[in-house]
Amino acid sequence: MSTIRVAINGYGVIGKRVADAVRQQEDMQLVGVADIAADWRIWPAIEKGIAVYATAPDRLAVMKETGLAPAGLLDDLLDQVDVVVDCTPKHVAAENVKTYRTRGVKFLVQGGEKHAVTGHSFVAESSYAGAVGRDATRVVSCNTTSIVRTLTALKTAGLLRRARGTLLRRATDPWESERGGIMNTIVPEPRIPSHQGPDARSVDPDLDVVTMAVKVPTTIAHLHYWSVQLTRPAAKQEVVAAFRASNRIALINTADGLTATNVVKELMGDLGRPRDSLYEVAVWEDMLTVQGDELFYAYMVDNQAIVIPDNIDAIRALTGQVPDANESISRTDTALGLGAGFR
Amino acid sequence: MSTIRVAINGYGVIGKRVADAVRQQEDMQLVGVADIAADWRIWPAIEKGIAVYATAPDRLAVMKETGLAPAGLLDDLLDQVDVVVDCTPKHVAAENVKTYRTRGVKFLVQGGEKHAVTGHSFVAESSYAGAVGRDATRVVSCNTTSIVRTLTALKTAGLLRRARGTLLRRATDPWESERGGIMNTIVPEPRIPSHQGPDARSVDPDLDVVTMAVKVPTTIAHLHYWSVQLTRPAAKQEVVAAFRASNRIALINTADGLTATNVVKELMGDLGRPRDSLYEVAVWEDMLTVQGDELFYAYMVDNQAIVIPDNIDAIRALTGQVPDANESISRTDTALGLGAGFR
Amino acid sequence: MSTIRVAINGYGVIGKRVADAVRQQEDMQLVGVADIAADWRIWPAIEKGIAVYATAPDRLAVMKETGLAPAGLLDDLLDQVDVVVDCTPKHVAAENVKTYRTRGVKFLVQGGEKHAVTGHSFVAESSYAGAVGRDATRVVSCNTTSIVRTLTALKTAGLLRRARGTLLRRATDPWESERGGIMNTIVPEPRIPSHQGPDARSVDPDLDVVTMAVKVPTTIAHLHYWSVQLTRPAAKQEVVAAFRASNRIALINTADGLTATNVVKELMGDLGRPRDSLYEVAVWEDMLTVQGDELFYAYMVDNQAIVIPDNIDAIRALTGQVPDANESISRTDTALGLGAGFR
Amino acid sequence: MSTIRVAINGYGVIGKRVADAVRQQEDMQLVGVADIAADWRIWPAIEKGIAVYATAPDRLAVMKETGLAPAGLLDDLLDQVDVVVDCTPKHVAAENVKTYRTRGVKFLVQGGEKHAVTGHSFVAESSYAGAVGRDATRVVSCNTTSIVRTLTALKTAGLLRRARGTLLRRATDPWESERGGIMNTIVPEPRIPSHQGPDARSVDPDLDVVTMAVKVPTTIAHLHYWSVQLTRPAAKQEVVAAFRASNRIALINTADGLTATNVVKELMGDLGRPRDSLYEVAVWEDMLTVQGDELFYAYMVDNQAIVIPDNIDAIRALTGQVPDANESISRTDTALGLGAGFR
């Protein structure tokens, strides 16, 4: 089995994390990253010895002027790789896709793009098989990834009838919170249901899920509340066991002092996770309640980190080298340190 | 019918608003307010010509020292009134109640106290009749008031089977946000279900309601999301009509630019409402969605203002002078300017 | 002396406050307001019985469609007034000025415009005389107004040599804090000195003042810190007396519980000030310190309210009906309730 | 030269960072850490293989119950070390000091304690020599450390006459921001001058420095603004060169996109710094302005990280093994990656 050669287009919030994660995989090689920026955002890539490419000739010129020593153009990079991970801003990727197709490079886009861009939507624990050997897939958004992971766990345990969720969304990311944020307010999404429910069904059409979404003034993480109709009355421990079966769902407890998103984030930094990343859906176990055939729970979603493992698995799936989902998931999780628990 | 003589014990967030509202009623007289504070919080009462009493002799001395010219002690105030509205901080009222009972003064406490303190819990549109002529009642909390108002509207229309809500709570009030707040985080209540569901049933035991609550970093207002199982498939306009039947539920639209809690609050100030008060539950009409027999909606709760009309009605109910709920509600709403809409 | 007929162009944060203040003056009449908006922002004007004009024919059509019953076009409004107060967003006014000049209507613009637009910059306590009878003036920004007021007080007392200030700016206004804000960060202005120092000298060229400015994540108010070189060693009480001589500087104390901007703002609401307006520069008296010939102090600036009195005075100055600054200031302050203190 | 054996008492914000930094030094050994906590805060120490001791028998019992496998009591730890770094909360250390003295263990306390506790206050670049061979010293607070570093640089260059600073303080740390924070307000310290100026003089009595401090609603970092009277008119490049001479002052530019505290913090994470630590005082070079003999500038202080290098140097100073400040500073900086710049 040959090493998978990977390019990242877009070295932003997701791109830089995928880049690091690719470098942690034994069966992958990060050939380079491409971006339009020539400022502080690129310095760390240079510092880490990553080859940096410009997305266009004018950007190449700027990079050279600022002394960044770029390795060439995106086109040069694409020539050298098996898969390109597109992490450009929302809706930009749709244009890039033409280039990837023309050049015959397999690619994956992020959840900001529409399902139709690739015709396949990806969450490793649900739709890996369908992506094996494809030309392209779309790793769904952070919110949708968390929904599919948790509902797939319930579905696998035979417990899921229908799920109704309220999604509290972080308003902006920390790196750009000096502009474009919200202050001292709560901002409901103007439409109910929100798009995440239908988006989850682009991964698994069997899910009966409705979501409502609202922006709150925090930069750290999303937090979801769920009211689930089970297929039958169940014991709390059945539900907990269903969640525990996934390495990508972490059970946490307020009784351990993990009482809020800021505390969980601090723990990730203390554990030495790169950029304090919480790759897992962190479900509060002691908060989770079953009443008859109804289940209520809440979890935290690190919107910057949660899709990183799925990006890695999606790369493998597209190459066709690892046909089995569990095999890929296991490799990814071992490399990233998932599944060992937080203590 | 004689003028109802009212005292307020505790001139804080609720007390000062009830004081103003009492002064707006034709059938009531504010005899005075009592408090422990002798600082800026009391200046406006003096400025408005309200008689200020001290809750204890040592506080009376401090008030005199700072030149506030207090009118006497709480005991003196209680001698002169028919009803005392207790607005002291959570759990303090339970002690005051002994005094009220000893002196034979009818009283009402706020939602921070337990139901057992008075044996009756009050939301005007649901439980007015049961409070008529009683010695005491308890006006439930802001969150519970909003729940009972909206679910009562659905129940009255024959539409309510069961309701599951996620309650986003403001973390602290503006006046004390220089301490004790939360910053850049989301803090789930450690227990699911939260207490508001059972509390709503202290007003109306028939309600099938489960709530989950979470604190978010804003000072302005709460915001609730609901997933309701209706008794039957319904049209959106039936639900809207059910809500519109109440003066204390205001229908607002994002299409008018009322897109978030801060905007709605600004409108209240622009309309000249005292302290920018939103007395109504503000339900987003264009967001509200019915899917078959399921209803989804969100509303804003001004936690400082929403219980004020109910406090006024509760005063009337206790005196027994206005046996009919609708008569009292109508008087209160007219005096406070409810029901005219925002445009 | 005839009643001054006033128009407001731009019914936003400043415009709506000036409108209310004009209506409180005995010698003025608010003929109408003009705006482009046809949403919730206009409802309160209609509710208050203010004649609303559209700034352009297409906006007139939209207003009619939404049932707002507009009174006509801005041009119609300008025909009926002596003075128009331009409160349109930053840099928009520069274009409007041509219209005002063509029509021969006296006008005043706000501090977002350049000094050259009118050739005169206005703070009542410093430059009233120079505006008497002029065609136009510019009421400087909230920050600059506070600087000129306080430094003028020190200058008048013969105490001011030079002043160096650090200006903490609120990041955005409450009504639009659901977008465009900053979150959990501090954002320095990229240039030192900031523009407020030179702007203060557009009002009074004698001031030796340098400012540095920084945005902080709050919506309530600005807060300035000053380090002032006095002309000579002075006693604290001399400085306090200098500030106390102005009705538009309010001395407050942390010892009264007025410890932060949120608390002071709450007090304004409790006092019944419209929209909780703090028109004064609120200087903390017990914080103010003199060390030899150096003075240190901090004050709060309600950026939405502080320029309102100066707008009123500027209207009078332009008409020439009240040549004396003190006479106008006194009328304005009496109408708005300044100078009575907060207790 | 023997390896310095180090204990940390208090595994909190500072303690856990010092622990990691000690482990990065070639001439030091972290023998263990002591704490009272038995929850998530201790898990990472266990995970990293650090020996954890309990500060008291009852805490030892709790640690054992929760399965943490503690190594013993603080007393056992103190027996094995040359120096103990006290990182317990403010004012707790004063009591611990008696134990350290009784047992004859050299110790250092943090800036929350008074100067008198050790009789010596430490910033490596200013007062290292005075700590060599002492029994104890006190590493001053984050704010004071930044002041002494920058003013020492100006003093060394012969440029400093007197400095007047406004200190914007972060309101609380991220790990505990789910409680005890401030929201949407600005909170001035009630006393001017604030304590940081005198505290800087506890390190270097020659400094002529006055500070004013104010809390702002952010968790990320402090930000200081300075107005400095130079000894003579100077060129900007002289000042920049003075700052550049220190490894512990980093010059950054808004022109590189480093426009606010959140952006700089993100860069630290991208560079792989543990817990995104900014050990340096980050002075904005393109913002810094000289006008004649006056200097104006602003810098960012990562309050969680800035004192870590000084703690390491203080350990070395107490042992007497490295008499030369520059030698210690150089070792520390190399181990922690300071001085290489950010690009």
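Per-chain residue numbering starts at 1, and chain names A, B, C and D are given in the order in which the chains are listed.
As a working rule, contacts are C-beta pairs under 8 Å (C-beta built on N, C-alpha and C of every residue); 3 or more make two chains touch, one makes a residue touch a chain.
According to UniProt, the chain labels map to these proteins: A, B, C, D = Glyceraldehyde-3-phosphate dehydrogenase (NAD(P)).
No experiment lies behind these values; they were computed from the predicted model shown.
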Fill in the blank from the handout: By Cα centroid distance, the chain farthest from chain B is D
Handout entry: Which of A-D and C-D has more C-beta pairs touching across its chains
Key = C-D
Exercise for the section: Compare the two sides of the chain A and chain B interface and say whether they are made mostly of the same residue numbers, over half shared, or of different ones. Expected result: same
Practice task
Would you mind pulling out the distance in Å between where the CA atoms of chain A average out and where those of chain C do?
Solution key: 48
Exercise for the section: Return the distance between the CA-based centres of chain C and chain D, expressed in whole Å. Expected result: 42
Completion exercise
Cα centre of chain A to Cα centre of chain D, whole Å, reads 36
Handout entry: Multi-partner residues of chain A (each touching 2 or more other chains)
Key = 174, 177-178, 182-185, 187, 217-219, 259-260, 262-263
Problem - Residue ranges of chain C in contact with chain D within the complex - result: 164, 166, 168, 182-188, 190-193, 210, 212, 214, 216-221, 223, 225, 227, 254, 259-263, 284, 286-289, 291, 294, 296-298, 300
Practice task
Going by the contact rule at the top, pick out the chain C residues touching chain A in the complex.
Solution key: 171-172, 174, 177-185, 187, 217-219
Handout entry: Touching residues on chain D, where the partner in the complex is chain A
Key = 16, 37, 39-41, 43-44, 46-48, 174-178, 183-184, 219, 256-260, 262-263, 265-267, 269-272, 274-276, 342-343
